[in-house]
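As written, the chains take the letters A, B, C and D, and residue 1 is the first residue of each chain.
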């Protein structure tokens, strides 16, 4: 390595630094540090004249390293790197000493602050001496987009991206688009039903030439990295083609009967069935898992629309970005939890939605065993807030408003039903508070539980018993129907999705955002975005909004010609690597792979995936993995400088 | 031409390293043919006086095993340093302290109290302790017990290291070849062993899954080991990834996890620290309870991660514990 | 080629929308009426539930806005006229005079140091003073000084001009005139945020009457290291550390006489503020009065639990009826009914923080359709959740309904992509 | 404090309250038109100037009522402790009108205390109310028609027209009937209130019953001092009405033989002066109430039940006819005097018979007794606390 020639530039930042730090003293100190050939100060180093000083010096003094002592690198590292590049120096030969946030802003003692600033500069100089030039990595971006999940969030993302001019592959594992929303019945604050919202989106999706919809299709693998993913999909057969006229003859002869998951098990369906009662379900489908391939349906089908020989198909596509919108699963109470499963008079909110839906199993009549219940108790927070041993610790966000919405609907149809809501905290946030008021006005009775209510099922009668917090008394409510306001849980296959997409996951199992507050629709993995309830409970509007937001981020990536990656990432010295695989195990981004050459293993970093977190460098038992710009020797130089007493 | 002179000496050592030299088997004859052994207390009858008589720097190479525990060791190794061109720390104990070095977890008094008193097998009603002077016919100065065990390079300048507990004959032979070839590597190098971690030569390396994440850890007596599968993935603490290779994965071939006797690689500053760091990285836990459970499985973390390297580690004498 | 988009309001929602659009290659005009972008979030100390420092995560975004080639930042400017239709809006923007040439000002602060006129600082909610020439806060973007004409001695009395003399780059220009900028944009995104409802609408809580009653936003400034007390929590009355603080929820929210809506973020903000108080002061009793603790977002319930278990913050289910001051100590007596027992109790605390509800702020130049409660009416909350009833005009952030930061940021992205579609002529 | 009340050990198993859906709708009929808007904030209880310690209302009573926990309502003396200042209604964030709810609750309890069932009929049906008044008026009219004395037309001879022994006897008879009804109702109230939260009867030793009665009932009956804490002006107005009424009652029932004479009506007579003062007080009180109810100027007047109007109307007509009788006597118009006198009696009788034991007026007894019972009960509960803590 050439002899380092370092220039040190110390910023006053107006009075921000100079008010607390004696900048002249620091300059003099810097001049005497090893390898330093020039040290200067200026009132605003980031200003145009300040930048010019550095540019000139690089040429005049043949500097090959630059140290800028100023503010946080998050503010101006970029600025000064550009300065280096303009002067013909590799921009990564810059080191910044943060003498503002780390020094002048947090101290008042001028003498001590000056000493600290000197030390910070000394440390930066020591590191600068060890810096190496690094090259930015560039990739061309594939303009296609993959969206996993055909619920409202996924469809919204698809529509927005397609309308913005990008080709979208919309993949849904179920035989039909629409997701959970389609089953929700009437939505709060509108006359629309979930199926209307989903249905109109499906129409738009169908009509949009830029969207390729792949239903009954599962994600198998996603390789590559931001801008260039190779995606493998498995399209499973529905055994029925578009010749199907929905005559329904096949259903009559099908001998297999299973619970209808679309109706949350309220009814049964055959192995050949219509995936949704909505009109957009254009053909019958066969559920490959339960079909016995008896062939009865094939025989009866008048238009020969059924082919039991159909095979799964592997599809490979190439995309630049991925949006995961795989939604949620409703929480399913275990048998006996609040009497669920012990009586058909204990149902979940989702089941109630189906019963209230005009297209549901009872055509919108709320009838249990043929009778309209006279009184209903809604129990809130089922599956949420750790109310029962099986439940999740989080709040499912939408259940309060959603329950009240259902109750208002119910009261519209059956004004005389006596309704009790047994809740813990009524979380009708924002304008939904008005729903709560309206429910009160409709004479819905609210009671607050402290611990999960007990539902006792004895014969025909149901009784909900609990300690009522607002009265401080144990009370019991005899009712004809108990509705459990169940929350949302991560979708069944979230673990698989997470592994394939190499994205993080919180302790509760939902996918993790890059930043909870400011990057809510981005995954930690670049080029992967998250929409809808897959990151946590959301209501329909919020899911749709996040679908658009995810599309916004994806479009932002896809419309770039190239992606550039900072080269401050991990690198592995192959000659030291034993292929032990520890780095692979710890890498949170799946950015390290083991390559086997001549039967020996060694690790390799995929630069596009690496985020430069440094976990591999810290855990590498051989010291083979190093974080560029933060190599062990560079950090050691800093530590030595920090602990060295002059 | 006179054959180059060579000396071998043992300090605080179990004798395994001496045995390892003998384990060269018929090759020992080649060694004898090539060098003139001028000092080897365990095998050849030369006295200290004989060494003292030699001119300074006249011994080409001294292979010293064991850590420096007694004042006598200190005396002799300083003498050998004076008389030798090259001093080689032979084996784990002299390189980093080795297993005897774990005694540094206790102070001198505590060790003596236990060894000469509290240990269950001791019957010492008079409470006799080793003396440092013996006065009967003549006054004798006896070797004193140093406060701590020291790796060789703390006491004298060491040129090369040969790792292992003990170094295998292959390693020893390779190191001797290098020493005798005259084509010497830079000072401080490790002779005879590999530059990569043990995994590199481990026959089980290819049996690893993509990701190794351990939910639990086990000790060898708690499992029936599958000898065809990476031991780490069987939740055994195998220190292969953090340990220098060159031993030929002998322990692994005997279905025992690597305990780290070849020490760390060049890039690693502190063996035990690195070992803990690597091992903790692959533990898959979420809760405090998990951590507690895993820690319960590790009754002796110092003995596991610093088995051979405690005196040479960054911890040095900073960690003290009491006898259990 | 795409047309530009106008974003009104430089809070976190506006910033995010502008950045998203700019990243999509669209020219963005970001109009902010105050001298710096940053909005309400810049006034916050930390954010729930991660306890990230608000300015630490916001400042980089603000800097990105200033640095982005596709964003034209118009601070200290207001939209005064909008005409036209989706895809083709003509917008007039009034750029108010700063009396400082933005191109020349290097943000050195010499002028501020020398200015003799002290003015209550709006950024610190008038709990401290600033100068008549000022930066709203140290991390302001752009970091350009602004002269407050109403308080500048030159404008009020015709004397002084000290700043002009000390400015190293001769950036002060007392002759600067308002400028009107005319733009043609494809879409407009409104992100004008909120104001707190006037707490005197809840007179029994004594805000303004008792010195040690604060609004939550005032408390945010009080705990903030850049605030009026440099992050030291001290009482207005005697400058002493409070030993007990009560946080009262739903002040001017969930009250049919004032504002029937829930303000969505106050519960969590108060939980966070109580935690911050505990972190700052150690031995302080924090009590949160609430009716329903609305910990509905991701990680919120866990945060709430942490507040109870780790920080030992007391939660009382009640809406206090009134607050009275003890004249001798200026301590406050809170009267409430304990829900379980029904017993009426009085709690004496040293400080009260009112979680005051919010009301939207809308640009006057655009006549938006509103609901009965005064909040904007959306075109179709399901199929088009960020659109106002005017095509091509989107609304996001708290202006579109009370919400927390993640939801505002999400809406910003949503509006950005919708505007982007329009800007590219699609739709 | 040493336990003063001897108790049976309560059973270990506690009674779980069972929710019933009927109660709330009844309360709505009785004027609690908005209480279901309550969301449990407790603002009403906290702001109430009269609540303290365990005496907790209106929130808890609202919750009991909403959930239909009738036992709890019946065993509460609290509704009678409220004087309807309306602070709770003014500051209720949900506009749930806790004040009017409390009023409705008092009406409801009045119907429950009354064993004849008449009260319920009166409160729940305007028709019954009107018919009852008309029937009573008719009976009185018929009695006057058949029993009146000679009609002297040349001068006003009221005593001759309405012989004092008949009117007096009738008055006293009515008085005793009313007193009996009221006392039995109060006893029922006692039975309801004196139950613990497990529904068990509370037995209070006679000694305490007597001493507490002496200490509380007369004091509160005559001063209504709790009202003072509520709203001073309302208290004064109320006192004016009460004393006006009491004076009128004394003058025209026990002292009838002195006030209803054939002697010319003289303004200087002390009894006349008292009569005039009481009349003015009643006129004043009634007009304040009417004005208030029309203007809805205070929360307590914002929601008027039909029985409230009926009460005021009857009071007003009573007073007006009474005054007219006085005036006609004064200016010497015999026929007019007799007719208005008859009308006066026809109004007074239903007014007293219906309002005192069955309707609004019963509060004159329920309120002081509620304070008395609540005190006893609290003492009992406190002593139980001592026993078990």
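What we mean here is this: a contact is a pair of C-beta atoms (placed from the backbone, for glycine too) under 8 Å apart; a residue touches a chain by one contact, two chains touch by 3 or more.
Nothing here was measured: the structure is a model prediction, and the numbers come from that model.
No other pair of chains shares as many C-beta contacts as A-C. Nearest to the overall CA centre, using the mean of each chain's CA atoms, is chain A. Of all chains, the one whose CA centroid is most distant from that of subunit A is D. Centre-to-centre spacing of subunit A and subunit D amounts to 66 Å, using the average Cα coordinate of each chain.
Centre-to-centre spacing of subunit A and subunit B amounts to 50 Å, using the average Cα coordinate of each chain. Taking each chain's centre as the mean of its C-alpha atoms, subunit B lies 65 Å from subunit C.
With each centre defined as the average position of its C-alpha atoms, the distance from subunit C to subunit D rounds to 56 Å. Along subunit C, residues 254, 256, 317, 339, 341-342 each make contact with two or more other chains. Residue numbers of subunit A whose C-beta contacts span two or more other chains: 426, 437, 470-471. Counting only residues that touch two or more partner chains, subunit D has 39-40, 59-60, 94. Pairwise chain contacts present here: A-B, A-C, A-D, C-D [touch as defined].
Interface residues of subunit C facing subunit A in the complex, by the touch rule stated above, are 12, 16, 20, 23-25, 47, 49-50, 52, 57-61, 63, 67, 106-110, 113, 138, 168, 253-254, 256, 260-264, 292-302, 305, 317, 339-342, 371, 373, 375, 380-383, 385-386, 401-403, 405-407, 409-418, 420-421, 424, 426-427.
Residue ranges of subunit C in contact with subunit D, taken from their complex: 204, 250, 254-257, 291, 317-322, 335-339, 341-344. Contacts from subunit B toward subunit A in the complex involve residues 195-200, 205-206, 208, 210-213, 240-243, 245, 265-268, 274-275, 277-278, 281-282, 286. By the touch criterion given at the top, residues 14, 16-19, 21, 24, 36-40, 59-60, 63-64, 66-67, 69, 94, 197 of subunit D touch subunit A in their complex. Taken in their complex, subunit D has these residues touching subunit C: 39-48, 51-54, 56, 59-60, 91, 93-95.
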